[in-house]
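Please find the structures below.
Each of the next two complexes has chain A plus one other chain: chain B in the first, chain C in the second.
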Partner chain A sequence: MEKNKYKPWRSIPDDIRFEDLPTCPLAISDKGSIGNTGEWRTFRPVINKEKCTKCMTCWTYCPEGVIYEDNDELFIDYTYCKGCLICYSECPVNAIEKVREEI
Partner chain B sequence: MSKILKPKDIPEEEFILSGTRACSGCGLSLAYRFALKALGKNTIITVPASCSTVLHGMYPCAAVNLPMLNTAFESTGASASGIRAALNILGKKDITVLAWAGDGGTTDIGIQSLSGAAERGTDIIYACYDNEAYMNTGTQRSGSTPFGAYTTTTPSGKKQRRKNMPKIMAAHGIPYVATANAVYPIDLFQKFRRAKDEFKGDTRYIHIFSPCPPGWGFEPQDLIKIGKLGTETGIWDLYEIINGKFTLNNITMKIVQGKIKRKPVVDYFRAQKRFNTLSNNAIRRIQEEIDKKFQEYENSFA
Partner chain C sequence: MKEHLKESVKIISGNSVAAWAARYARVQVISAYPITPQTTIVEKLSDFVDSEGWDCQYMRVESEHSVMAFLIGASFAGTRTFSATSGQGLFYMNEMLHWAAPSRLPIVLTVANRGVAPGWNIWADHQDVIASRDTGWLILFASSHQDIFDTIIQAYRIAEDPRVYLPIMVCLEGFQLSHTIEPVYFPDQSLVDEFLLDLPKNGWPHTFLDPNRPITFGSLQIPGGKVATPSSMYFEFRASIEKAMLNARTVIKEAAQDFKKIFGRDTGDLIQKYKCDDAEAVIVCAGNMARQAIAAVDKLRSEGLNVGAVKLRSYKPFPIQEFQELANNGVKGFGVLERNMAFSLNGGAASVDLKSAFYDMEPSPYVVPFIGGVGGRDITMDDQCNILKRVLNVIKNKERNVKVEYINFHGRFE
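Entry: the complex of A and B
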């Protein structure tokens, strides 16, 4: 690794020495700062696209900001969705189901 | 308040990058998400030790896509004042300085540095997200923990009243003080926008009710219900104090105008484990106090 050049932790090789880290403790922002929080889930929220009216209630209330719209359709980023099920309990037309995660 | 916005009017850009350390179903995360959307990318944040520090992540990785300074627990007001002074010297007056602190960091240990900043009229927005205890260290009581709530340092329920922090800040004579609730994110967004756009140049203070599933004892999926009950029962009122003038808004105003029926406080208390030791008698007394408060609101606003 180039001396004093910042690299996110996931790409810092094991043999890096403390002295090689930058002198000013500046962190760089990225998704997954604690890893793939999708692994926290017990239940997975699944949007039924047929029932969904795109009212954006779930988008508004999701504390993680993992619900997004693409091409007029709603998606959930399961890599980071923590499975809190707020979207499931707040959807006004019950268009979100909860499905148990399996290993 | 101006026209109520819809989700479609809220900017799509997320400043909190998903995969943070905050618990599942965290009220603070929801409030922070909308506060940052309202302030936009021309913002520098300072945060004292709290759950927000945890959310922001650990060096060398960060979860929020804006410049942020970790500061000591007691010094948020001083830290924000320093950032403002440096920006002014550099001629960068248009950058918003946001101080984002918990209730412990605001109502207890940080109150003097905040009071100093407000007395100087420092050009900052100070937001206190109130999860009503020291959550990051495992739920100890703060000056903002309500009467009757269990914490690890009040095992049979807190015996004292809480501080009324927004009123303390209003007494500093600053031009903008508002309360918000994490589960009314659009109302919260509008308040941050208003603080940023209409009162730039002076100290602005926003106090946010932020339900916390592990600390309060409810399921993450009930976050919105618990938060709404807080306002619908009259425990947490939504208001603004603009240049000294007090106005109610949103649900609280609708209750006072008779458009929505106020719910009994017992609904709020019995939905959370932290109030398990609160007796029915105490709940009755609290209900009487809330009824009296709303009678006064009705005399002034209905």
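Entry: the complex of A and C
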């Protein structure tokens, strides 16, 4: 049986043709695969480092996986944070503030 | 321990044959929702799964839509899947039919064809499957009880061929095939195992389902323009279904040849011809009407008329080349008798397709459309004899633009 030449982990060239297609449209989850989604934000969640207890509740609830820990401190990747404010709603100690984005 | 079914002859209903065929094919996942006239297929399968020996997952779900959704998931994981439905159930499943074909999943679905409500009708009629003709599914018609077994076994071989990877509907007419009883020859399991392709160990090579490498299947495809991008190939993906459909022509023929070699039975490939070699007029039918047409041909041959019969075995892919070949070999007129209405097109669906197949031929053969047997209405051998005689008359009188004729219709349609 002939193996399909497309392995899912191989990146697909930009000049793709009909002859090169895999059998079904497929997408591999990848950081920023549909662009700079941070531009969608109306409100920016900002972590108040003094109130933050690092309980990781925001990290658990973030649907985009843009909250990360570095050197025992929590950060938000604003390039991809869409501003859904779920972290703001879920934070048990109200350590996340919302700030309107300036245009 | 894999079960090994023994060679036998059973006096059996058409629906039971379908269930046995799934068991012979070593189907691994079945999803079921009842609907007349298909119900006894999934009932029989439920019995089988309950009895020892057959390693198969049987899932009862809440609707036909869920039946197909479930099979799509199971097939993505690389299993051999089966279900059955009819009429309104097929319509409820319709959205998922459209999902299965572009996902290129080799699902086999038996359709016990019935009329479309309203008025409620559960008897033999092809309107349900004709309404699903452009879903990307292959559509095969069985014409006898033995043919149900043979076609389902072949369907797995065709669907799972890497050149095809498309789902298949195997159609049998409600009650006239599904609930009548006939002797059927069941082979030794080893022959079926030899005929079918081995299931790949880690899923179909094109689906890559792997929890360690999460992938979205059927991802967004935007319209695109002059420049190709990986996320604007919608048109091209639709075209890849067409490519697989065209490949299926070859694969169906190969499967039929191999089947004949292993089982010794000639099932026909895209069509099956009966006494067509020197025929002037032929009758084209799908399903059990094709089998009765053989008797009509024999009767007219004994009266000295040069007639033949063609069983339309594959409706998708449509056997364009095969019909053109028949016309090139001297068949002048085709009487197409169908159990469906392609509204406003002067005939049933296949008569329209046949006309388009002959459009570029010079001289173009006569296509005479007939509609009969709708909603299970009787079609007798004599009706089919009259159809063949009418086609001979059309050829003799060189009639063109022949109006569709309704068989056993009460009243005058004008």
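One rule holds in what follows: the second predicted complex is superposed on the first by the 73 of 103 C-alpha atoms of A that agree within 3 Å, B and C clash if a C-alpha of one lies under 4 Å from a C-alpha of the other, contacts with A are read in each partner's own complex, and residues count from 1 in each chain.
As a convention for this text, a residue touches a chain if its C-beta (ideal position, glycine included) is under 8 Å from a C-beta of that chain, and two chains touch if they have at least 3 such contacts.
Everything numeric in this text was worked out from a predicted model, so none of it was measured.
In the superposition on chain A, contact is made by A:89 with chain B only, not with chain C. Of the two partners chain B and chain C, it is B that touches the larger number of chain A residues. Of the two partner chains placed by superposition, A:103 touches none, neither chain B nor chain C. Of the two partner chains, chain B is the only one that A:64 touches; chain C does not reach it. By the document's definition of touching, of the two partners only chain B reaches A:80; chain C does not. Legend: residue contacts after superposition of the two complexes on their common chain; A:40 is shown touching chain B, with no touch to chain C.
Looking at the shared chain after the overlay, A:15 reaches chain C, while chain B stays out of its contact range. Once the two complexes are laid over each other on the shared chain, residue contacts for A:27 go to chain B and to chain C alike.
Counting contacts as defined above, chain A residues 7-9, 12, 21, 25-29 meet chain B in one complex and chain C in the other. By the touch criterion stated above, chain A contacts chain C in their complex at residues 1-4, 7-9, 12-18, 21-29. Against chain A, in their complex, chain C makes its touches with residues 102-104, 162, 165, 197, 200, 205-208, 213-221, 228-231, 233-234, 236-237, 239-240. Against chain B, the residues of chain A that register as touching in their complex are 6-9, 12, 21, 25-37, 40, 55-57, 59-66, 68, 77, 79-80, 82-86, 88-90. In the complex of the two chains, the chain B residues touching chain A come out as 6-8, 10, 12, 14, 16-22, 24-27, 29-30, 33, 57-65, 183, 185-186, 220-225.
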